[in-house]
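The letters A, B, C and D name the chains in turn, as written, and every chain counts its residues from 1.
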Amino acid sequence: MVRLGVIGCGRIGRVHADSIDVHPRAELARVHDPFDAAAREVGTAFGAEWGTDVDSVMGDPSIDAVVVASPTPTHVDLLTRAVRAGKAVLCEKPIDLDLTRVDACRAEIGALADRVMVGFNRRFDPSFRDIRTRVEAGEVGPLEQLTIISRDPVPPPAAYVATSGGLFRDMTIHDFDMARYFLGEVVEVTATGANQVSDEIAAAGDIDGAVIVLRGANGTLASITNSRRCAFGYDQRLEAFGALGMLTAANQLPTSVRFSGADRTEVAAPYHNFFLDRYTPAYRAEMDHFVTAIETGSAPSPGFADGRAALVLADAANESLRTGATVQVVGS
Amino acid sequence: MVRLGVIGCGRIGRVHADSIDVHPRAELARVHDPFDAAAREVGTAFGAEWGTDVDSVMGDPSIDAVVVASPTPTHVDLLTRAVRAGKAVLCEKPIDLDLTRVDACRAEIGALADRVMVGFNRRFDPSFRDIRTRVEAGEVGPLEQLTIISRDPVPPPAAYVATSGGLFRDMTIHDFDMARYFLGEVVEVTATGANQVSDEIAAAGDIDGAVIVLRGANGTLASITNSRRCAFGYDQRLEAFGALGMLTAANQLPTSVRFSGADRTEVAAPYHNFFLDRYTPAYRAEMDHFVTAIETGSAPSPGFADGRAALVLADAANESLRTGATVQVVGS
Amino acid sequence: MVRLGVIGCGRIGRVHADSIDVHPRAELARVHDPFDAAAREVGTAFGAEWGTDVDSVMGDPSIDAVVVASPTPTHVDLLTRAVRAGKAVLCEKPIDLDLTRVDACRAEIGALADRVMVGFNRRFDPSFRDIRTRVEAGEVGPLEQLTIISRDPVPPPAAYVATSGGLFRDMTIHDFDMARYFLGEVVEVTATGANQVSDEIAAAGDIDGAVIVLRGANGTLASITNSRRCAFGYDQRLEAFGALGMLTAANQLPTSVRFSGADRTEVAAPYHNFFLDRYTPAYRAEMDHFVTAIETGSAPSPGFADGRAALVLADAANESLRTGATVQVVGS
Amino acid sequence: MVRLGVIGCGRIGRVHADSIDVHPRAELARVHDPFDAAAREVGTAFGAEWGTDVDSVMGDPSIDAVVVASPTPTHVDLLTRAVRAGKAVLCEKPIDLDLTRVDACRAEIGALADRVMVGFNRRFDPSFRDIRTRVEAGEVGPLEQLTIISRDPVPPPAAYVATSGGLFRDMTIHDFDMARYFLGEVVEVTATGANQVSDEIAAAGDIDGAVIVLRGANGTLASITNSRRCAFGYDQRLEAFGALGMLTAANQLPTSVRFSGADRTEVAAPYHNFFLDRYTPAYRAEMDHFVTAIETGSAPSPGFADGRAALVLADAANESLRTGATVQVVGS
């Protein structure tokens, strides 16, 4: 059994605790949160030790790996301590909002970066993964255009936005990683943004909608369409278009039931409301990959470099938004 | 140009007049109806001669063919007169409600039966036809089960029901023909019926819903589900299931537009409301087949024998309904 | 925690063991199988005690409930012993192939029948359940026609067929129960059958395809279409048609991915192959219902009477098949 | 009857001749082409006068309107002559490749511009039109994002590309008009392009794929994804996303037939291959609008100003492509 600790008992920490709980070869040893109540609730729910002292996780030699699910500003420090303590790390995205800090962290941990996995869960979504596998196998021929549509159901609270790093580093970062998953190296970013959803977001100097175009090193174009609000739930779609055809992943429905009546037909239920429902299988597959990497001693993927590269693209998108010009990217 | 006369200027006569009008090699020469106003309206609308004397159609040597779209009791007489006058005939279903009269007609016209086409328009629906072609080509392997769902949007008026010959001879007759289109000879009929839609229909001694099971000579089972009422429009679907797979024809939508909103997703518009909309391409393809048969001197299909066979199945279904037992059929 | 024992460590026993394993309030205490290897394998896999002596299950006072997943001929005896030992029972379908034995069992256990749940898992399928709930809520108005299509991917081995009790009692029994789930009391059965799939099945005197029509006490017609072979996987669909509209449950796909290429478009992957994949959520919801019934002391549903009623319909279908006539049913 | 002349008997001229032919209140009086054989073929096919002298069209006072379907460089001259001759004009897109010439033409014809309709046929597609109507009616709330995917099945011949004006003025111009149909005034254009399809196109200095982002005066973002090649046919889709939901138009299939077999399910046939099939109903509705405008004396729409505005956007896209920067647009 791989024994894991979870640091951070908020919404996403609980998701990981659950994935560990149902994994046949993983065991949730201990959860941590600076708030006693949060730690106790999650610890109790999953039958794990719990506490407010992070050293009890870091210093426990029986714990093989740590999931860093705490607020973003704490990621670098916790990640660094954990790998130094000999543990594998699954770190939630982003590693940090500041590329300088990310690079400093990378310099500090050196080869231990290979023990770090970054939580780009969507790579493990069965539909997206299936498309990636089939693109790699040549089913659509050379990939020419990738279309990502990614909309959140409701905008986050103003307080969250204030420290989020902005749309590109907070939300689009998942889509940047998805683009890299298909395109490999990205060399060019062109971003447009809009304020249509929330006055609070505008007041905070952030945008709430965007269309971003990326160019891969091999010429493939990828477009990402984002919105902070989507009336019909969590809109998560992808199309991979190539010389021989196209693979698409549509939104997913909780059942296969449809209604036809006097004034409308084939009506489906609402889509999954948000990532907790939509990506449950992805989070579990992500955890399985992490556990397996620990067992086999291999470097998990997506890794530290992928976390950094997505941030580079987010920064480039911000620069493009500011200058109104395409930005050339190196090292993504 | 093939010159045609249309006898009967009701709803279905107008459909045929329209199909002739848009056909590049056909010309609507004359329309007839015992009601002066009806004949004039259709004649004027399509730029054809019109009148109330049927001899002006039968006796016009420039007219190559006649569409019999008058009330059912007149079909046999008009069909007989027309073929004797040297004309090809497209006769609306059913030839007659009484099998004895159909057989007498057949005896009387002899080999001229080859000049008669019966208006089972659904054989010409592009979707059903495509499935038939692919089944014949072996795409699903030996055909094992055929599922037909056929529901009308609203029940007919009581006055219509009274003279309709009952559900099986009036409505299901199209489905019996469709079953024969796929199964060839049918050897067994098992029928169940229900009264759920209309008290008037029940009072007239008829049923308004049914499930009928047919067995083909080669063992294939076909089921037909009927209702006289369908809240969501004209429900016309078919599935051909065989050893290697299945071909299905779904209901058709006027546009490809779908709506997703807060409490429902992928909402389509209502289906086509009834046969005039749903089967317009089928009526036109039917007319094209008829015109081409006249041009080439070949016997059109479905022919007189198909019209008779569907009636045999309707009579067998009525017997099965009365006796509660499966009825063996000969000669369908 | 509700502590359960599983008797029978074959395919379906393992499914139930898994459902218990992932249930937060249930614990798999012990598994039994007359074959030592089978019991050990399942017991080890789920961390439960295991053995070949059924008394170790029946006699263990710490075990609250027993899942009877052994061969059909043993069901009545094991079920009887278990309820007498004070345990709740989840008995796989059918209770027995012989209605006389079922009735004798019922007489013997008396009021303890309320402690028996019968394993009609499809009632717990999220899609079918959603339709049932919405039909009950009046969304389609009075239910007029129910269409069930239920096809297995591949025919069972000849040895299985020989002791299966025939298509209706072995396979259709699930569909009979589904019909009762929607129609309530069924008063009439009309069955047709066919041999198209397997010479071995024919040689065993059984059919391998069927269309059965049921009539509910309130007049609703239900049709069931069965086949022992389906090239495209496990075909499990249902339509509930009423005066105000229709609710349909389509087959389910493992991902939302579709391919479009030069000669075909919107190609989906194969459906779930068989019940283990298709009905995993149903089996888990079934177990949750059973566990909750034990916790609350309520009678689980579907119960003993439902198991009996489905068998009555299967027997009626066999009689209809033999006589070629509709069979009136009492007490279903 | 409205009497029309068609100038240019190539592929698109023939489409318009056909639309006139089937229109109940329009008559194809005369067709013109500098090539005698082309004029004769189309004239004969539709029973119209034909010739190689354009004055026989312009000078015929019985002709109410002219369809300009000749090569682009002749549009301005023919359009000008026709309106001066008192005729209404349906001019194929683009009016001209050179905005200066378009503006000079506009200055020259003055108020007669109101008699000019520009052939943006897609505005008349029943699906796109339905979405537009429903967006205007507020069904999705304020429009926030418009997603247009528009791919041609195969790249045009090199000779065509050489004089086409480039991707944006030749192909994307339809999508620019579609964006304006939904957004109204467009104020900003950001374009990216790619060469993935054809070496000949690259050699001609043109691109063969693109993603363009437009911003409307009210802030709505529109993205257009283009390719000169699409393996699965003519890819023509649109999504209108707003605060309350989304309306989508999917690709259209010739029948509703789907196949399910051993290794794939729900397989549809190829989409319509190209605009002649896909947009037949649109071309007919376009002609109906034009004929009705003539009958009622109203200005047809889209008009001259719409033709100019789409060209302005194409020019802006070319500038954005060249500079790598967003281009501000005035007067679109």
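Just so it is clear, a residue touches a chain if its C-beta (ideal position, glycine included) is under 8 Å from a C-beta of that chain, and two chains touch if they have at least 3 such contacts.
Fair warning: this is a prediction, and the values are worked out from it, not measured in the lab.
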If a chain touches subunit A and subunit C alike, it appears here: B, D
Number of hops, subunit B to subunit D, where each hop joins two touching chains: 1
Chain at maximum distance from subunit B, centres defined as averaged CA atoms: A
Contact-richer chain pair (by C-beta pairs counted) among B-C and C-D: B-C
Cα-centroid distance, subunit C relative to subunit D, in whole angstrom: 58
Subunit B and subunit C, separation of their C-alpha mean positions in angstrom: 41
Two or more partner chains touched - positions in subunit C: 140, 231-232, 244-246, 251, 260-262, 269
Subunit D to subunit C touching residues, read off their complex: 231-233, 251, 253, 260-271
Interface residues, subunit A side, partner subunit D - complex: 140-142, 144-145, 147, 149, 151, 188, 190, 192, 194-197, 209-211, 213, 215, 219-221, 223, 225, 227, 229-232, 235, 241-246, 323-326
Subunit A - residues contacting subunit C, complex: 22, 126-127, 130-131, 134, 139-140, 244-252, 254-262, 269
